[in-house]
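These notes concern the structure reproduced below.
So that you can tell them apart, the chains are marked A, B, C, D, E and F in the order they are listed, and the count of residues begins at 1 in each.
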């Protein structure tokens, strides 16, 4: 088996995390996993959704979008179609759940953090890149809230990151790009904490069902990739 | 740890599969997992969606809904809200992918099968009950197509079923009901084939992240439950 | 003239009213008029719509839906089309007006009752079956409100029921099933009170206009059918 | 009982039918029933909806709208709300069914006639005025089609008109204006042919249920009014 | 160059302004520019939109619509399409901005004025006719508010009117009708105050780009037309 | 008068045009006017909209969007609101008309070019930056079509660019940034060709109406800016 990119089975694409990418948002990151590029912003608004009013805690919610021509063929703009598709809703729900797992909402004060992940260029793994990049934007927003004295303690419980793994031509591989993803037998997205726990595991057999041992091999690859991402997040945040 | 229902950790709720539940659909099943009740129908229409035209193969698609008062509190009817929510879209995409894995589309002829899963009464596990019941409705529809001579071979590759497992009060349990589901630390939906492969694995940590060993314990429980469901499908279809 | 079902012109289909059909709703009824089957629930929420706030009275509103495959050919799900059709809106407005006529809103307290009528299987007369069945679910909900001490007197003014009549092959007939309905010259839906008054009369000539004497013959048949339905409601509620 | 307008119980409001009211439509009528004013146009397009293609017959469909300030209080524009309300859909379905009853579709050729009824000023009875006025616009459109040689015979089977009657302060009255309509106990809309048959009868008890004899008294009043409207249609069309 | 209507280059179509055209609105005007006919109403509601609450000032907003058959070919009703098109939104935003320029909102009290412009018959220049006519309806509404003592001073700063000019067959012309508009090289809509200032200037080259000197020639024509419209507004309001 | 940025009245912000910004689109440009940054892509699809079928010509259409946090305060995502706002529709119609003016559609072959302008960071003048940048992306797409032999001649008639001018603190200034734009008395967007003709002129008085001489001063400033933009387009395209 040879990967189209020439990478080894356990090799990630080059990752770049650029902070302060745009000037308005409290946190703004351009994250790149190879040719996949996503702008992740974290916006802070005071107040919480109605179902949380008066409970003295905060909230985080996420939205996801793709520029119409971020992909090989142009996709119709969801704003002009008049609704977000099922895939979009599924991804933004995943991003939201994943990042909420990083926070202790009771320490956030009555603030809402909006995470926006907008794909500028897609080449596989946009949802996992979004989570990994948005985590850094979230930290920047939290630091700002701390400076403003708007927090009620330290809301950060743990760092969160995500990576995709899969079975490509019969073999488990790490961090699939589009060429691999579009023909992979199995696609598995894994969200983890830097303390080694799983937040989300979403595996789908596109063709042949996968076996328990393949599953474990993929999880091991994911753990390998995760270490690299957590390290890159740390470096980016240390600047 | 004591489960609210008094069940043991590896005990399923009583399951009932009633075929020919309504008279119009090519396949029509009422599936019950304890108090969870779902009407699953399989409807056949000749022709396929545009993206498959002229390829000589068939298609299967699924939709999911809940009656407004299938739940403890009334939910607003999605038809009157004017759109299906993210959870609904996510579930119906899952049902569709899962059942497509049971079929060889090239043997189906240019036919489309619409799966409709409508929850009459919800008590946890509606998506997994839907998949397990719709599989039986699908078989009834395939038998009818075979009688009509509309197939190009045997489209059924394997049976598919689904079950939920989770971590409840620190312990892995099988087939969560609503009381468990609403407070579980982790919720894991597993879709498998009767040949032992995984189709979908979707795990979410609601609170504490889960560890690899907990993950494996949950998968083992799922496999236990799956055997029971496959047996009940077989019995139902033998009538 | 021979009716497809072999019934006489003034003969209703067998009617069954099953109370407590699902467990969550304050009132829950499965009503069957022959092969027409509708789940009718009555849900109670405290509070009233904005236009009634602060007037010390209650409200009742109704929604209607059909499962996609309750009919001979599959109908597109209204939730996925993104709107309720004209027929649906017309029927749910009719159900709401009819059941409001049963109540003295000033005795209901500031409560809203949501009636949901969902057709599981359609074989003609779904709107009249819905009204007749929902009336029973409504009584169950009122009894519960009374037990809770949430009422300001007896809100029930009178029982309400509905039946369809029509001109089939030149002759007035009672309680049309789908085979008759789809070819009837005239279709007339009648909603009455158990004290003999009319709440709604909606007659439509599909082909030949109908004459005053035919109209009177149809109303007489409706009155016959109504006596039977009111008796069955009474029996069901006496259990 | 004294009617607010001083009319006798069987007295219609002054009716005016102005043909060729706007210049673009094949038929264009301003109809006035007292202060109720509706612009009714009949537009011809060649071709028929998909469900009628290739059957060699025509079709007629209707839409209804109210200018936002045609009423005492401004109504939100349905175009900006993003959907037509239930009342609008109900009325336009009624107008369509009523006017289709005037035509033999097999003589119309493969043409579609769009009826648009737009209320400029509302003072009760807008749906019945719409039907009575649109009938005249429809005739003008048919005459034009005949001139163009686009018909396959005479599609007009009979004239159609409509009027509202009701029980106001305990007494049957003809042609209710807004003041009466808003407090009437019963409201009955009647659509008839000039040959004396009923097309639609839609009665609603707003308060007290109505009795059979009241029903008959209202129908008699409707027949009185209908004669006047048919005469005015004839006069207008003779110009 | 000869204009299809035989008018000279600087000649307006006959203009008619009919006040009190319908009875419910606080201001109601039928404005006619040749065959273009628009009903303009001004409706007053107490209260202001949320973003202005508590600032002690008023607001004005506008909506625009066309009857489906106001045009040569029938347009689909925006209410049934489920949204207002881009052209509609653009025009109603223009009407709103233009008329707000006539008012000092701080003198209006916490009232909102809704302007509705509905085109009954279109023959070019509907947006400029709408503005010119709605200005008169607005004055009528202000006079009523003054009588009711609901104003906090004189909100009227200046009169506003609008006219279209363009390049037709190479020559600047005033007040284009549909025949001219549909083939004009340039179309320029101008909104001015009666004190000679510009409120809006919107020019579009449909074919050949226009030159600065053509631009100035068009503006001069617009000023000519404007004088006539302001005079007609004055006359209408003096009745 | 001092501009917040310290620029002189006729000084543009620094402009950067980066070609091949993303990899999938036929033309892809990042355009920067100071802190305003817009991704402009030109996507080619064979075929034309229905209203142009069979006429042997091409088409160009444009869409515009802003990332939710491209602005100082987060805007709700239009895709999740379910519709594009009036401002968005107005801007994308303007972009489409402006760029169509650059082309001879009869030379384009039956191809459609989709222009997408997505604002990454907003600081005033997003619509004019979009037009100026999309012009370059369009040229790249045309060059590709030429290489593929898909053109029927040279479709490019002229280059198009756009700039905003306005009255800020009583004085005409060129290329307003957000601080100026939000308090400017008048805002004027000008679209021109490199041959000196006007394509679009859209001026709005936000406060005081503007006078003819101010109008001319603004147009002169626009012409100054335009020369600079056309030069930068040429340089970028020469690389």
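Throughout what follows, contacts are C-beta pairs under 8 Å (C-beta built on N, C-alpha and C of every residue); 3 or more make two chains touch, one makes a residue touch a chain.
Since this is a predicted model, take the numbers as computed values, not measurements.
Chemist: What's the overlap between the neighbours of chain A and those of chain E?
Modeler: F
Chemist: Please report how many Å separate the Cα centroid of chain C from that of chain D, as a whole number.
Modeler: 28
Chemist: Averaged over CA atoms, how far is the centre of chain D from the centre of chain F? Could you give it in whole Å?
Modeler: Taking the average C-alpha coordinate of chain D and of chain F, the gap between them is 50 Å.
Chemist: Cα centroid separation between chain A and chain F, in whole Å?
Modeler: That pair's centroid distance is 33 Å.
Chemist: Which chain E residues touch at least two other chains?
Modeler: Chain E, residues with two or more chain partners: 82-83.
Chemist: Output the ring sequence of chains, start chain E, direction chain F.
Modeler: Ring order, starting at chain E and heading to chain F first: E, F, A, B, C, D.
Chemist: If we count contacts the way the header does, which residues on chain C are in touch with chain D in the complex?
Modeler: Going by the criterion above, the answer is residues 83, 85-87, 89-90, 92-93, 97, 101, 158, 188, 192-193, 195-205, 208-212, 215, 219.
Chemist: For a test of understanding, state which residues of chain D touch chain E in their complex under the given definition.
Modeler: Interface residues on chain D, with respect to chain E: 22-25, 28, 35, 37, 39, 41, 43, 45, 63, 65, 67-72, 74, 77-84, 88, 114, 116, 118, 120-122.
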